[in-house]
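Dropping the structures in below, format is structure tokens.
The two complexes that follow have subunit A in common; it is paired with subunit B in the first and with subunit C in the second.
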Partner chain A sequence: MSLFSLGYLMFNGILLILYYTVCRRKQWILLLAASLFYYTLLSGQGMVYLLLHALVTYAGARRLSSLEDACRIRRKDPSLDREGKKKVKAAFTRRKRVVLWTVIILHLLVLARLKYWTDLFPSAPSLLLPLGISFYTFMSISYLVDVYGGKYPAEQNFARLLLYLSWFPQMIQGPIGRYPDMAPQFQKTHTFDSDRARRGMLLILFGLLKKYVVADMLVNEISDLFDGPVDGLPGSLIVFGILLYSAQQYADFSGGIDIVAGFSSLFGIELAPNFRQPYFSTSLGDFWRRWHISLGAFMRDYVFYPFALLKPMQKFGKWCTKHLGKHAGRVLPACIANILVFFIVGIWHGAQLHYVLWGLYNGLVIALSDLTAPFWTGLANKLHMNTESKGFHVFRIIRTFVIVNIGWYFDRITDFRSCMTCLARTLTHFDAGHFASALVQEFCTGSDKLTVFGSMALALVGCIVIFVVSFRKETGHDVSGELMAGKPAVQGVLVMLSLMLILSSFLFTTSAGGFLYANF
Partner chain B sequence: MDELLEILQDVTDEVDFKTEEHLIDDGLLNSFDILQIISALDDAYGISIPASEIVPANFNSAKAMLALVNRLQQEG
Partner chain C sequence: MQTSEHRIGSKRIRIIGIIALFVAVFVLLNALLCFLIEPYRPSGYEMWEGFRSKTTLDTVYVGTSEAECGIDPAVVDSATGSSSYNMATNMQDLYCSFDAMRTAVEEKGITRVVLCLDTDISSMERKDNSRAEENYILARARTESASKGLKDRLSFAFSPEIIGTSASLTLWFPWIYNRSFDVKKNVTEKLSGAVSDPLGHRDENGFEPNDVVTENPGFVDREDAESFSTENDLTKPELTDSNRLLLSEILMYCRSHGVTLTVMALPAANVFNMYDYDAYLAWTKEIDDLCAAYGTHFYNCNLIDRNVLFVPYDEYKDVSHMNTKGAERFSAFLATFLEADPETAYSWFRYSRQQSADLF
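What follows is the complex of A and B.
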């Protein structure tokens, strides 16, 4: 039952009727039952992993909470002086740390065994990767670390924790929801809100448009280019292919997120935001605060800060300040933490070398940009450049877009040698004169021209629509709100046009692809 | 408070810590600043600020940071 099947639509329809009528008093139980049913249908034996995983997280967090309570009680002992209280806290912190790390390592080992084992040892028997395991593992880790840090007590009800980890719209490709954001929403009794429902449906429609009209229209062309031999491709066609991938990747992932966020909001459950017009970013760091936001936030809170605040890293920062100057002391420890974060992000995408390189590329570019920031500021001042002007803002956006697209080479071209060949040919054999003939030769072998160019024309229309909507959002407009407040005739025409675009895509679709991020 | 303000101004003098109440929410402090502030506070007050305390409520103003320092000192 994929996100764009009639079955999924009916499943949600029936659920919504039950949710707002007969199950109003126990809405969260209905959502849990629906989530488990959906997951069993999709992942079968993966359900065993999910249940065991949730059980371990539940038990681990309860233990952390009970240790925290015991520590608090012991520290209230009037016979203890300040030093004694300190010792009690240190002893309990050690015990809590053992529990935390045991559970986290266990979860990561299971993830590593299921996700990476076959990549590392091709002859080893492969196990089916349970759907969404990365996402619920990250959600568990965030929950456990927060309980360990005393941000909130452990959930007492296993079923409620299970719902947090298995909420069906976000199960497949995220976002990585946080427990304190999600749990209160599940506990609340929701009444039907027509405005919220209309917003949700507009979001679903926009997500479907992204997925069908752009992502699915480009997938075959990109595959034709990069999944075969690349030695003879002109650089201009490679750049074109990467630009197509740039559109496909964004439309696929953000489209999928729009769809699930839309469905979730129909139930009154708002998911964490995952995209904020990433191609309008003014730096690579900014891009990663706008693309897969929930993953970036997870990495910031649970990898970047904990690592950068380690005593050796703090000492290193002081050493840098003393020997290399204030700026180096300020940014170098953070740069190293950033490189680690992106290395992990790369590995998370897959154990293959190209993902590791992609992660490192991002980490190194951000580190280099932070380290050299004073030089660029000085240069801009010397050249009397107005860095606050609109023109400079546009320049920054284009520069970031180019940097991001260089990164997509490593992400999309899975074979390392092919990736290097493509990068080299982009620089040395751009060959714009042969672009058109090479394009026809590459894309039209085995497919008729009408299908190829029809799908690409449709994708272009889709990209224009996405750009216009994104531009308005970027300039502070509430696009859905404005549409809903507009004339019904305009609303009707826009919705009909969107539906027509989606339906037109069926003329050119050769395969109903899944979502890229459902594989993680 | 004066001592804390001096420490904060030493980390970055581009922010008016005396008056700002939304240092994190308004993006006036970035991750470099946060790391430097934590390191300076750890040294000055003999505390250890864990990553779990890095939430906007604790770093939005000098007053909030002072409250965090006092709390961690009391907790030992």
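What follows is the complex of A and C.
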């Protein structure tokens, strides 16, 4: 179901009316019913996987909690000495670990079978990929690990856990919500707040603008460029195409997140922020703390730190300190952990080679930059460069933008040979002089110029709007708050213009179009 | 207390006023865009206007623009004595074809329908062709009463295939899909109330004439189709499940209402350039078998004996649409075809590879 459709608007409209009137006392039950209904509508048989998944997660977490309780009781036994208590704890920890890993491996096996099997074994029978399986699998893992670690007790009510996993706005493309952030919000009774509603609607409008005025306007041109033969393309056009993808990828993903976050906030449920002006990042590491924030946070908390803190890794760190120096000892284990993290991030996007390469590229660049940090700091000092200046800050932003865009080569150009050709031609056949003629030839063959350039002009307007809003946010302004506090006439004009831009985008749309991340 | 209540009341009135003003400006803006961007007398509207003006009709032709440009009812009528009308519209899917023929049966009491099945349309889902259907609905609504028009729009917007798509919302903004960017021409024609250039407009029988002759980029004839398919990666046409269901419903409807249904594919110059030969034969057979279950046949004019019908390439205005000459030739054939015994007519078509080899 499109997020810009009568169906989705009516679904939310009816739900909101019931939520704040008839079902005020049992709001969370209404949300659960709505989420399950929505999921069944979109994913049909996928509901079976979701329910079984939730059941296994629930049972696993309850078992972990009961083992934790049993351990606590046993350790209170006055006959046990300190050594005895340690042994009891170790025994129960082993049992808990078995439960935890059994459930996690089971979930990952199901995910692997449904998502990756036919990529690895094309002749194998394919199964329908349930909507949002990657997201709710990661959410389950975070919940189970937290319960294992004793951060909070397991949820006693299966229905509440199911709501956490199936909350419909986050089903299509995240974010990957954390249980302690979401659960209290579902349990609370919410009253209608007009300010919150206005903010939510502004966020929805902004998300629609990103998705339709920018992302959908560029998708055909990017496809024309990179899904066909690339051997004769000038490097200048390839770079232009990558920049278009840079805009499209961000607008599509963050636009979708804005829309679902906006709808979720109308119910008083705030989703975790997933984007924070990523193209203003000053390093690739910073970029990954601003892009798909929930995925980065998940990887940090459940892959990076656990891996880096493993005994073998700690031993390796000590060995590096002894033989390679303090810096290497501190940084090398983290580098390896980063490479592993981004390898998983790549695989999470898909089992295809280009995703794996994209993930590894990001991991290697971050690792390399951490390793060589002292060199660059030393160089800056020698050259008496003021690294705190605004100019240097801008340099870092541009440098990071270039590094990120090199990564997009691997992400977007799915054929490995074409990807390598494009990279090579960017460097060896830049050919700026033929950019205009090549652009017309590539984009206007089979399409009329008005549609092509009209859509790109609209996308440019959208990009300018996004840039202005992002810049204001980056410099600490509450853009929604400023708009809401402004004159009604100004608000009206801006909302009207946004709506007209969104509607105008359909003048140039030639395909139905979904979200890039909808199959995750 | 009174003052506070009065303040709250004033605030509410102010908010309502602002919202009302916003809605009014929004409606006016959209009306202005409709005036500037919507063409004067678009093709779909002309079809419905002409249809509603007919007092007697016994036959209608439904299908896509291939049929709109390829069948001249005047030629057919003069040969057969029938009274026919061309209800084909751009990218008309089976859902709209069914709607058109049902309307013709209910309003005009027609007894014959020629359904021109387009290969691309048969491979598309309804939601992927929503733009064309929106225009069909809007054009139809313009020739009906306000309440009927609104009912048609709501019926479209709330249909299961459409309610979850953007089309359910963009339907209410006609300028989005029914547009011509020649704003000067749009405004001039609307103000003068007259069409400035007849090109692209229909005659009183719903036919759209056009004298353009296409260039031949190397159209593939049937005798070379098999080898061309082997050497090139061509599209494989398919009949989607939903279209199969719709076609069955159409066949059933016509049988139960005593309407003679002729299902055919019109000649297209580029058919063997575009479609894999074996897959195209298989697609034809599938539809033929489906029609046979309802006592009729599928007549694919791209697989007909060339001695019976061949439209030369200079009688096309582009790769798949016949020009006026081509339409004249095809319509004359159609007249003969409709008068012929169905089994005799069926014998003119060569659907298997063996039959194809026999031809050459």
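Heads up, the rule we're going with is that the second predicted complex is superposed on the first by the 520 of 520 C-alpha atoms of A that agree within 3 Å, B and C clash if a C-alpha of one lies under 4 Å from a C-alpha of the other, contacts with A are read in each partner's own complex, and residues count from 1 in each chain.
The rule is short, and it goes like this: contacts are C-beta pairs under 8 Å (C-beta built on N, C-alpha and C of every residue); 3 or more make two chains touch, one makes a residue touch a chain.
Nothing here was measured: the structure is a model prediction, and the numbers come from that model.
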Tell me which partner A:Met500 touches in the superposition: subunit B (first), subunit C (second), both or neither. second
Touch test for A:Glu442: subunit B only (first), subunit C only (second), both, or neither? neither
Just to be sure I read the superposition right, which of the two partners does A:Asp411 touch: subunit B = first, subunit C = second, or both, or neither? neither
Scan A:Arg300 for contacts with subunit B and subunit C and give back first, second, both or neither. first
Is A:Gly7 in contact with subunit B, with subunit C, with both, or with neither (first, second, both, neither)? second
Report for A:Glu155: first if it touches subunit B alone, second if subunit C alone, otherwise both or neither. neither
Examine A:Gly492 and indicate which partner it touches, taking first as subunit B and second as subunit C; both and neither are also allowed. second
A:Ala334 contacts which: subunit B (first), subunit C (second), both, neither? first
Regarding the shared-chain residue A:Asp252, is it in contact with subunit B (first), subunit C (second), both, or neither? neither
Going by the contact rule set out above, which residues of subunit B touch subunit A in the complex? 31-32, 34-36, 38-39, 42, 49-55, 75-76
For a test of understanding, state which residues of subunit A touch subunit B in their complex under the given definition. 82, 85-86, 89, 145-146, 148-151, 300-302, 304-306, 308-309, 314, 317-318, 330-331, 333-334, 370
In the complex of these two chains, what residues of subunit C are touching subunit A? 18, 21-22, 25-26, 29, 127-128, 130, 157-158, 163-166, 168-170, 173, 176-177, 179, 181
Complex contacts: residues of subunit A adjacent to subunit C: 1-2, 4-10, 450, 488, 492, 495-496, 499-500, 503-504, 506-507, 511-512
